[in-house]
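Next up: the structures, one after another.
Both complexes shown next keep chain A, but they swap its partner, so chain B is in the first and chain C is in the second.
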Partner chain A sequence: MTRLSRRAALKVAAASAVATLAAPAILHAQVKTVKITTWGGKWGDIMKASVLPAFEKEFKCTVSADQAFPFLPKLQASSKSDPLYDVLHTNSNEQWMAVNEGLVMPKFTPKEVPNIADVYPYAVSDKIVGVSIFTSAIGLGYRTDKGLTPPKSWKDLADRKLDGARGGYLIPVNSLGQAHLMMLGKLYGKGMQDLDAAYKALEQLKPIKMVDFTGQMEKMLLAGEVSMGIIHDSGVLRYEGQNQPVDFAIPSEGVMALEQVLAVTPGSKVKELALAYVDFMLRPDIQKQLSEGVWYSPSNKKVKLDAKYDARLFNTEEKVAKLIQPDWNWYNARKDDIDAKVARLLKG
Partner chain B sequence: MSARRLDAGRVAYYTLNGAILTFLLLPLAIVAVFALNPTPYISFPPVGVTLRWFEKFFANEDFMRSLWLSLRVAAMVLVLSTVLGAMCALALARGRLPGAGILTAFFMSPLMLPAILTGLALFQVLLLSGVGRPVWGLVMGHTLVAVPYVLRTTLAVLANFDTRVEEAASSLGASPVRVFFEVTLPLIRPGVIAGGIFAFIVSFDQFPISLFLVLPKGETLPVVLFNYMKFDLDGAIAAASMVSIVMALSVVLLLERVIGLKAYVKL
Partner chain C sequence: MASVALDDVAPHQAMRRRGVSPIAWLAAPALLLFVIFFVLPFGAMAVLSLLSGNPATNPNVIWTTRHYERFLGDDLYSDALWSTLRIGLITTVFSLLVGYPLAHWMARMKSRIGHAALLMAVIAPMLTGIVVRTFAWMTILQDKGVINTTLIGMGLIAKPLPLMYNEFGTIVALVHIYVPFMVLTLTGVIGRIDERLEQAARNLGATRMRAFIEVTLPLSMPGILAGSLLVFALAISAYVTPFLMGGTNVLTLPMLIYQQVSSSFNVGFAGALGVVLLVVSLFIIVAYNRVLARLSGDEALT
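So, the complex of A and B:
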């Protein structure tokens, strides 16, 4: 019988101990994690309750979903070769900043994300980085109990009867305010890039109550602090059936798209999983669930919405033709100057 | 004549105090009204009384998880900053260190920097060193901005410290360790505890530093409230604020009960 030396026994014991200690880590390491950003509120509730668990189950992975803003500065601060996120979900204006810094990949191919073959053209247009998985429409929210004629044009917001009761956004921090500024250029000048005309028109909207979040605009409308304000359709439509005296109007000049955009980081260590997540979010069943949960218009043409959502959301070729996509790349390049000018204009 | 002047002075005194108290307490009153008002938006006058927002707050898993994390982090910060701040203060006041003034300014410097920059810098350091965003990183960040409070309050006590008491203890045969624990520590305790209370509150309410250092599903209460507000600005926010206020008050009252804060009012 071969006797085990004390040294050999110690080696075996040490190796066993290391293996025992390391086993959970090794098992854990086999389960890949895809790191994403995502919204909170009702969207976050649906994601956490069903969408993300379904993805984790199907792809045998875990999803680390960051809901804590600000996403872009955190991504900027992390290493490009080992980014904080694999998939960046944010609005189009931030995606353009990210792509210009090389933080996200500019486009997807149908081979990478097969479901983009079924999206409306706006979702992958030259105004979009990555892919837009949903959009809201930026238009006018208004009170139905103040004797107002439902607005038909963006110019109705300038009606003097609304002095002290119209709502807008702090332009430097809110993309709805920025989109509206570009729309003013189109309404009163030569186009969305006519900033001089936009500034002049903005001044005519004073006095205007300005907020930084769309959630605040919702509450101001509900509380009657403003009678009409710039808002995305989902911010008003979500109160349907709750007996609230608010409605959403689509101005004749068109609505601006507020896209929910996904892009993948080039340094992602789990790129296949990240692409699978983007594809998953474009699946008709997932799109329908989220669309009807938060009143976002789906990007996938194959989604069949229930009647009440079908009536209001932008889910046909004809309806999506009314969407105007701002050129965020152009806007971002001038943002500092615009912020300074707007601050001077709205002072006092 | 003199009595009339006194009355006028007294009226002015009470009016000014009343105005200051109103200024300080009115926001709390508004938050309380909002927390108990059934409408899902701020409205005045209130249309009724409800506890639904408190129910929503306590039933929300994210709120509860973040509240518990904030309390744990604040408790750790209290201990760490109290120990570190008190030791630094003792060294600075009694250690005859060269450049003690510069060192004091250095230790106070986290209060001079915008906390958002401190948070961003710590975030980068943690990521670049490959440790990610562990809870101890968050505790470290909070401690960084909490230590100056303990340092300042302890230094204030040490400035009026009569060292002859320690000398007397030594001359009667007490060892340096015994002198520290039985003479020095009890005498500087007011400053250390007052600083510790500040440290707890600074950590519990800390937002700019936490913003960068929290992990998904590991956010502190102020971060969760901020993100919640972006999508749902309802009474749950006010209920959460009321709970935070009650918690902070409870800590102060508990300390008053246990150690008696009245003795430290002179600070």
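So, the complex of A and C:
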């Protein structure tokens, strides 16, 4: 038996150490990774449990999903040529900020994302960056056990009976609050861009309990802390069948669209996979699964929803015609002034 | 913030000991951490506050003072600064009032088990996160919360008392969250005060109260100083609690900074707000340090 010299043993040890250290890198060289952003909660559960694994299997890649909002400051901080995300999923107002800073690409062609041929026009309208894969409707959520008449108009939120139990959003940080402010301009003034009328109308809504995100509004409605509040349909309809005394009303003046928008970053190193992911999210089967999971209205016209979802979601040409898409580019350009004005108006 | 207190202490120690002691090198990792995680990021923030955009995404940025002009040009921001400092000061005062007796009791407790139990009681709330504690306060103070529901149920009030969505609720929650920092700091200092000094004062005819005011209180000044600075620094930089408890009636600088970063994406203005908050609080801390030093005599603070 030959005895192993110390030098030989060291060589073997060094070689195996290098091999161990290099193994993940070699593995990575073969499997590409798509970096995306996505929501948490029920949506995130469905994505992690089935949607993302299906995509990974079909396209032989891995998906790294960031659920820690806010995404845009993180994307802003990364280099444009090597962005932190390949696909940015966020609401429409933020996509406009991103596109104006050159952080995402403005549009998709049907060649890049074939399924956009099947989406409703609103999902690729001039009010949208990239493509809207789902939308919710921003309307009024209300308690059914407080003897309230179900609201028919946005103006019902100003009813004095609701003082102390009216809910809205911190306008600087929440796009539902921002969309509602524009709606107030339309209701009480010359149009969505009539800010002076909107400010006056907002003042009439005081006292109003303001929250930062829709999940918090859901809690306030469920706890009875708020009897009527601005919320998207998904935030109320998802409690269907759970015996909760809450319902969602579509005001006669129309509902604002709260779009779930996907856009790809120009510096993405895996652009083909990024585009494939956008296309994948628009497939009818994926759309149906997520739509029915979280009560979001699908963008793809070919999706056939089960009866109870079909009854309430916005999935026909007539229904989507009720969706009002705010001009976020216009709003964002004035955001600083609006934030300051609103903060002063609501204080004290 | 705590660095200010250290800076003041350092020259005295340096005078006592010439040359770098080998033990001083042990501070090197802490110093390195301070440079990497405070000095560098703060420097970057200060530079960003003087630029017209984010140089990472925009190559054509120029130097500008417009973020500071915006701060000075709108009283909304100076109001926010004032309410930040006001909330910080009130929180500090109440934390001291609540914390001092508790710390005194803890420091002078003879029973080891009692001391351990009290220590656990002080520390236990710190083991749950700030968000959890704030949510707990929300369930107590909100309109349908424990207090209002009970009072309405007993027929004592008809409408819920405004306990939340204002500065009152914010301060209540902040005091609860930051009192442990005050207690732990004070306990260490009071525990080291020689009890025989108090006994001597009482032997010489001082009442219990007078012995406390003239002996214990001045000797515990370093603890009051350190605890107050800690609580003040934490309270003025608090974000979650004012955000959840304050509603639209409370607007503090950390809330504005978060809004600028997370939804206006204006890192320049956020940086300017951060610089203003730091400069103003440093000024207050230095002034506070001086006043307390004068009140208690220089010896007590070194």
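The working rule: the second predicted complex is superposed on the first by the 323 of 348 C-alpha atoms of A that agree within 3 Å, B and C clash if a C-alpha of one lies under 4 Å from a C-alpha of the other, contacts with A are read in each partner's own complex, and residues count from 1 in each chain.
Rule of thumb we're sticking to: a residue touches a chain if its C-beta (ideal position, glycine included) is under 8 Å from a C-beta of that chain, and two chains touch if they have at least 3 such contacts.
Everything quoted here is computed from the prediction, not taken from an experiment.
K.L.:
Could you check whether chain B and chain C clash or fit when both are placed on chain A?
P.N.:
clash
K.L.:
So in the superposed three-chain picture, is A:I250 touching just chain B, just chain C, both, or none of them (first/second/both/neither)?
P.N.:
Neither partner.
K.L.:
Would you sort A:G215 into first (chain B), second (chain C), both or neither based on which partner it touches?
P.N.:
first
K.L.:
Considering only the touch criterion stated at the top, classify A:L346 as touching first (chain B), second (chain C), both, or neither.
P.N.:
Second partner only, chain C.
K.L.:
What is the contact status of A:A77 with respect to chain B (first) and chain C (second): first, second, both, or neither?
P.N.:
both
K.L.:
Of the two partner chains, chain B (first) and chain C (second), which one does A:G40 touch, if any: first, second, both, or neither?
P.N.:
The first partner, chain B, only.
K.L.:
Does chain B (first) or chain C (second) touch A:A223, or do both, or does neither?
P.N.:
After superposing on A, A:A223 lies in contact with both chain B and chain C.
K.L.:
Touching A:A68, do we find chain B (first), chain C (second), both, or neither?
P.N.:
first
K.L.:
Which parts of chain A are in contact with chain B and also with chain C?
P.N.:
70, 73, 77-79, 223
K.L.:
Under the stated contact criterion, what part of chain B meets chain A in this complex?
P.N.:
39-43, 120, 123-124, 127-128, 211-212, 214-217, 219, 223, 226-234
K.L.:
Using the touch definition up top, name the residues of chain A that touch chain B in the complex.
P.N.:
35, 39-44, 64-70, 73-74, 77-79, 84, 213, 215-216, 218-220, 222-223
K.L.:
Which chain A residues qualify as touching chain C in the complex?
P.N.:
Those residues of chain A that touch chain C are 70, 72-73, 76-80, 97, 101-103, 164-165, 170, 172-174, 208-210, 212, 223-225, 335-336, 339-340, 343-344, 346-348.
K.L.:
Okay, in this complex, where on chain C does chain A touch?
P.N.:
Contact set of chain C toward chain A: 54, 56-58, 74, 76, 142-144, 159-160, 165, 243, 247-249, 251, 258-259, 261-267.
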